[in-house]
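These are the structures, in structure tokens.
Look at the two complexes coming up: subunit A is in both, with subunit B in one and subunit C in the other.
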Partner chain A sequence: MQAYIIRRIIGAVFVVFLVGTFSFFAIRVLPGDFATASLGLDAGSASAENIAQRKADLGLDLPIGEQYANWLWDTVRLDLGTSFLTQNSVWYEIGRSLPYSIELGVLIMIVGFTVAIPVGLISAIFQDKALDYSLRGLAILALAAPVFWTAAIASLVVLQWDLFLIDVIGQPHLWESPGKAITWYLIPMFAGGFAGTATTMRLLRSQMLEVLRQDYVRTARSKGLTETAVILRHALRNALLPVLTVMGVTIATIIGSQVILENMFNIPGIGNKVLTSLFARDNPVFQSVVLIIAVFTVLTNLVVDILYGVIDPRIRLS
Partner chain B sequence: MSQIADPTVVPLRDPTILERLGNATVSLGRFLRGKPLGGSGLIVVVIFILVALLAPVIQRHDPDEIFEGANPDYKANPTVIELARNPDVGSPVIVNQFVEPSGGHWFGTDKFGRDIWSQVVHGARLSLIVGLGASVIAVVGGLIIGMISAYYAGLVDLLIQRLVDMLQAIPFLVLVLVFTQITERSVFNVVLWLGVAGLAITTRLIRSAVLGVRESEFVLAARVVGASDLRIMIRHVLPNVVAVLIIAFSIGIGAYILAEASISFLGAGPQGIPSWGQMVQAGRGSLDLHPWQTVFAGGAIMMLVLGFNLLGDALRDVLDPRLRGA
Partner chain C sequence: MSERSYWQRMSRKRMSRRGILRASARAGVGAAGLALVGCGDDDDDQAVTQVQQQQQQAQQDAQQQAMQQQQQQAMQQQQAEQQAQQQAAQQQAQEQTAQEQAEQQAAQQQAMVSEKKYGGYFVEQSANVYETYDAQRTVASPVLQVLARVQSKILRFSNPDTGELVGDLAEAWETPDATTIVLHLRDGVNWHSDGPGANHPAAAPGRALTSQDIVWNIDRQRNKLLQSGEEAGNFGRSAYWGGVDSLDQGDSSVTLNLVEPDATFIQGFANEFNLINQPELVGGTEDQYTEVDASKVIGTGPNILTRWDPGEGISAVKNPDFWGLPNRPLLDGWVWVQTFQDPNAYRIAFEQKQVDSMTDPDPNTIFAIHDDRIDETFLTFQGVANTVAIFTPSNKAPWNDLRLTRAIDLAINRRQLIQQLHNGLGKVSGPVTWMQEAWAIPQEDLETYPGYRIDKEADIEEARALWDAAGGPDLGQIDWVTSELWASRAAWSATPGIIAEMFNQAFNTDQFNGITKPYLEIIPSWIAKDFDPFFSWIPNIEIPDARADMIGAFTTGAGSNYWDVSDPYIDETLIAAKQELDYETAYQMVREVQDYVMERGQFGRSICYNYIYPYIGYNYNKIEKKSEEEGWNFLAVSLQAYEHWLDLDDPSAADRQAPAPVPL
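Moving on, here comes the complex of A and B:
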């Protein structure tokens, strides 16, 4: 077991290193750079010397190999550098935006799972009844609807019926002013949760159907347990396990939809940082933000895999 | 010993084209009856393909045509105060912006007075090209890489698998945004990059399918009689992973359509062609009063993706029941 965990950790570190290298070169391969862009597009204000000077200030004039070696050494020492755009340290930028993203991400997951688990259960219990068909139909619709459209339609509904005011200027945290923050997060969290629900719900349903056919479920029923106890304590527990293994994929999907939702609702989170730093060619911020997302995804997968290896010994061997 | 003609033995021959067509029709009919949801998905997809092909015929108006009409508030010599209240008061003709859906404009007009129906019809072209094109690239690339990875195993396999892990550790949307900015954002380039971004998933699917076939006895038998690696791959492995290829192709299409819509929504999509994602964004500026552009363009994305997803699910169930729910 230990050997398995160590092997997985080495693999995970290597993947994070690859992602960092990828984002380092990707942002430099893209046409345009921050020095030229920040001096304005018109040739008049940006002479060749100005641009060269600016590049030298930012360290963009060094040979790519040297830049890479510097980045690698700095990153290993957890020094992420300074944002070209704001002149703040990248850690400061991340420290400011990460809480927003975690808040929204957790809210999306809460919505996703509180909808997906009961719906998946009901769908499995009423297999091939009208209720099952309509719930599955809804899940298929949720998978097909683009998250930005669901969010736009939800805002339309809120605007049309004057349900509540959306505060997109104050940017409050949940722990600062919960009332304001929740109106701000409400649409993105439901739009994101709606999209995230479908996969989980469908997987849970098919797992439940399989588990309900198992011998131990029949044993539990024949012992005279109530149907609720059979489903919740015997079937659901076992059906949830495979659902947890796709957590890594679920989280990657949620982060993807957060990029769009944070942009739409002016939430200054990590997803928004990805976009602004990419479009502004703010190399230090972009590299670090992509790296942090990758660490998060890889870590989730690692924890899930190790936990699964603990529970199911067959996994370790493959 | 003389041959005795056995009337029950039908001599082997290749089926004629007509017979093949007949067989195909029979299996299509069986598919439609056995999988009503997949069948309806197929119908949706066929309708969208027809709309895209016939766009110039059914468009009713040019997608770029700007509609103008007489200005109801027109005054020949407006005073300064009237002009300040309404800057358009001095022009006899005014752009027909935000016309409600009607007989003249089935889906209404947008902010610039252009027909939304016509834009939605033309948007089908981009989404279909993107979905089908990117999926072809991802499957063909994934087939080549997946086969090499599974067949040669060892260090090559390890390296390819870590690269796949790397691609999967970055959110698909971010990957697509980065890739598509490398080159000029023409339709062809966007399709190409979407396919490249999708390589991770197809490579993984195809690799595991090839691994399953590789250890089978007929591959061993082929190797025993001295077949080359290339021959084994093409003649023995490839035919046995065709089902996985079709599944990988069909379940990816919806994701690529959504990805293109998303980058277009963010203003980083292909340029110079009507795009549904870009239309949803354009309509958001006046969502509270004139939601039609956003509603119809987004609805079109959802319908088309729904069609491809239903079709893909049904194909997967038919071709490989083990992957159900994957």
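Moving on, here comes the complex of A and C:
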């Protein structure tokens, strides 16, 4: 088991290294840099001397190899540098953004699973009935409709009838101003939640249908248990196992995957930070945020892998 | 639609705008005009003598008339005294009544004025990226959008579009001769005494502005020297200040001795970038000039900066000790929120009144919001930093054959580009853009010029003949560059293909290929005069007087002459125009050069058009001194800082959700 864990950790470190290296070069391969991007439309007014001075100030005039070596050494020492854009340390920027992404991610998951589980359950119970067809149709619609489209339509509806405040400027945390925060998160959490619902709902439905045909379910029924008890106590608990696996993967990716929704609602989370830093060519922030997302994903998967290994010795041995 | 009326008004007001400029030019250079007459040749001296003799004769006549009137008045006085005593009682009663009426009227007027509840916090979007807090060491306009509300200039525009000037730190100015400008500084101007900048250890808060401050700022820029003695290459206005040969410092005046006569120089004092720094603070923090925060900014302007966290937020509050006009600034403060990356967030912020105004490159969004909220919003159009041009490298083969350059200039379908890329919101521009209206070729004249004709077929026919005659078909594939910054905008992403197709159709070929390149590649190659043909914005036009731009672009060896144009006729005419104080004469000179340039395909600097973009705001936004025009063609930040306020009693202000600035 120990060798298995060490092997997995070495693999995880290597993946993080590769992702970090990729992000370092990716932002440099893109045309432009912060010195030019910061001038925006005024770049045409800048002299070559002006731009060169700016690049020198930022260390962008160093050879690429030297920049990479510096970055690698600093990262190993957990020094992520300073944002070109805000002049704050990158750790501060990540610390500021992460809570927003966690808040939104958790809300999306709550919505997603709260809707997916009962709907999947009902759809399986009423297999091939009108209700089943309707719910599956809705699931396909949720899967087909792009999340930005759903969110944009919902925004227009809120604006048209002035339903509630979407506090895109105040950016309140849930623990600071729960009411304002919830109305701000409302559209993205439902848009994101519904989009995720479809997969989970369909997975749960198919699992339920399979489980409901198992002998032990028939046995439970023959014992005279109520249908509710059969479904909730015997069928659902078993059908949920693969769904929980999907939930684990979702949790691992949810932090960095809300780029569109965070931008549409001005939520200063990690996804927003990726985009902002990419547009501004804020190299230290972009590299570090991508690295953090990679670390988070890899760590979650590592924990899941190790747990699998603990639960199922066949995986460990293979 | 509003835009239709806008263009109608623009058309009607062209002459009046030119008239205003002429008037302001006369006022501004009147003293210089007299001085120049005094310094002129013999004919001029005779003319002055004749004028003086006429003035003396007129004075004698006036004195005689005055004596006669005094005698008549003495005789009439006795009679009048008797009547006066009788009427005194009546008059006294009437005067009392009149006085009461006047007092009532004054009280009513005062009440009307006081009904205006000046104040409010204006909330708007601002850029995310600020490269420095030192306005003198940048060319980036976002920086000055913040600083022009906090710091002052020597002069400022009371109307940026027409070039009308008023004093800012200089209360008055005079030009005793063609190369001398004397600035008389205002009394009672103090640096901010409160706020993060005032609390910086290097700052000198509350101190009076001195002539030494002005000299320090000018010297710093013209010499490109930091306090440490190190030379810095990033002083954005060093070419302008390089026009100053020497400075003489008085107690409350500064005299600038120019290298050569320059009638455009005074307008440059009001250029929004020419802000005055405090030597102690900026000089003391020069080594941290890219580390932007409010504590490194102090000014003499109407607002005090209380927060400057790039990417997060910026705020300023009213300077309680501002020396400017009464009640100024009218706003209590400003809040700049970080740039919205997505139009959805911006739209939510505007429609829920979390920000007070909005603009978007896609005009349809703005029009839709305006139509939806027609009763509580106004729509206007702005045109800053929006000159679009096609640059052909006429300084090198094969484009140094001016037939090719002219063929390109003729083939540009300017009106079609305006339609395709800007929904028709724009007007074609000649070598001087229509934004600099007092110097531009009027639109109705421009329509008769080859390359600008409504009948594009005639242009195409001529272009094709020139292209074929100059061997254009033998040039092989021609990559025409569009800047990536331009093409990165969704509405303009098809531009490279549009440009290539435009030329392919015009010349009946498939040689042209549209590509994109980053500014980082385009700009250095352009400056090095070794560039590929490209389509992009032209750098900001910063003052309404077009002579400086024309000289920069077309005279031999000038800073922006990337085409190596060297033509004695252009040199002589433009230099003469620059020194000419009479507007009509100078205009005629510039107009002749424009004609000359256009006959030569603009030497490869083919100005195409200036587009405008819609700006929407709620009706509670008020401008105390409103322009006759809609919007501004030039940066007008300092004017807004003086004149903008919010009428929170206006019905449109209901349910406004505005964040307050960080207090002092």
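The definition used in the following text is that the second predicted complex is superposed on the first by the 283 of 318 C-alpha atoms of A that agree within 3 Å, B and C clash if a C-alpha of one lies under 4 Å from a C-alpha of the other, contacts with A are read in each partner's own complex, and residues count from 1 in each chain.
The definition used in the following text is that a residue touches a chain if its C-beta (ideal position, glycine included) is under 8 Å from a C-beta of that chain, and two chains touch if they have at least 3 such contacts.
Predicted model only: the values in this text are computed from it and were never measured.
**Q** Just checking: does A:L275 make contact with subunit B only, subunit C only, both, or neither of them? Give me first, second, both or neither.
**A** Touch status of A:L275: both partners.
**Q** So, does A:L159 touch the first partner subunit B, the second partner subunit C, both, or neither?
**A** A:L159 contacts both subunit B and subunit C.
**Q** Quick one: is A:F22 in contact with subunit B, with subunit C, with both, or with neither? Answer first, second, both or neither.
**A** first
**Q** Go through the superposed model and pick first if A:F265 touches only subunit B, second if only subunit C, both, or neither.
**A** In the superposition, A:F265 contacts subunit C only.
**Q** For A:P118, using the defined touch cut-off, is the partner it touches subunit B, subunit C, both, or neither? Pick first, second, both or neither.
**A** Neither: A:P118 stays clear of subunit B and subunit C.
**Q** Let me test your reading of the model: by the given contact rule, A:T297 touches which partner, first (subunit B), second (subunit C), both or neither?
**A** It touches subunit B, and subunit C stays clear.
**Q** For A:G95, is the partner it touches subunit B (first), subunit C (second), both, or none of the two (neither)?
**A** Neither partner.
**Q** So, does A:A145 touch the first partner subunit B, the second partner subunit C, both, or neither?
**A** Touch status of A:A145: first partner only.
**Q** Check whether A:N50 is in contact with subunit B, with subunit C, with both or with neither, and answer first, second, both or neither.
**A** It touches subunit C, and subunit B stays clear.
**Q** Jot down the residues of subunit A that show up as touching in both complexes, subunit B in one and subunit C in the other.
**A** 31, 152, 155, 159, 263, 275, 279
**Q** Which positions of subunit C touch subunit A when the two form their complex?
**A** Within the complex, subunit C touches subunit A at residues 123, 127-131, 139-142, 232-234, 236, 290-293, 309-312, 337, 340-342, 344-345, 347-349, 351-352, 354-355, 385, 484-485, 517-521, 523-524, 527-528, 536-540, 655, 657, 659.
**Q** Quick check on the complex: what are the subunit A residues that touch subunit C?
**A** Listed in rising order, the residues are 31-54, 57-58, 83, 85-87, 151-152, 155, 159, 162, 165-170, 263-266, 272, 275-276, 279-280.
**Q** Please name which positions on subunit A make contact with subunit B in the complex.
**A** Listed in rising order, the residues are 11, 14-16, 18-19, 22-23, 26-27, 29-31, 140-141, 143-149, 152-153, 155-156, 159-160, 202-203, 206-207, 252-253, 255-256, 259-260, 263, 274-275, 278-279, 290, 293-294, 297-298.
**Q** For the complex, which residues does subunit B have touching subunit A?
**A** Per the stated touch rule, the residues are 162-163, 165-166, 168-174, 177-178, 181-182, 254, 258, 261-262, 265-266, 268, 277, 280-281, 283-284, 287-288, 291, 294-295, 298-299, 301-303, 305-306, 309-310, 324-325.
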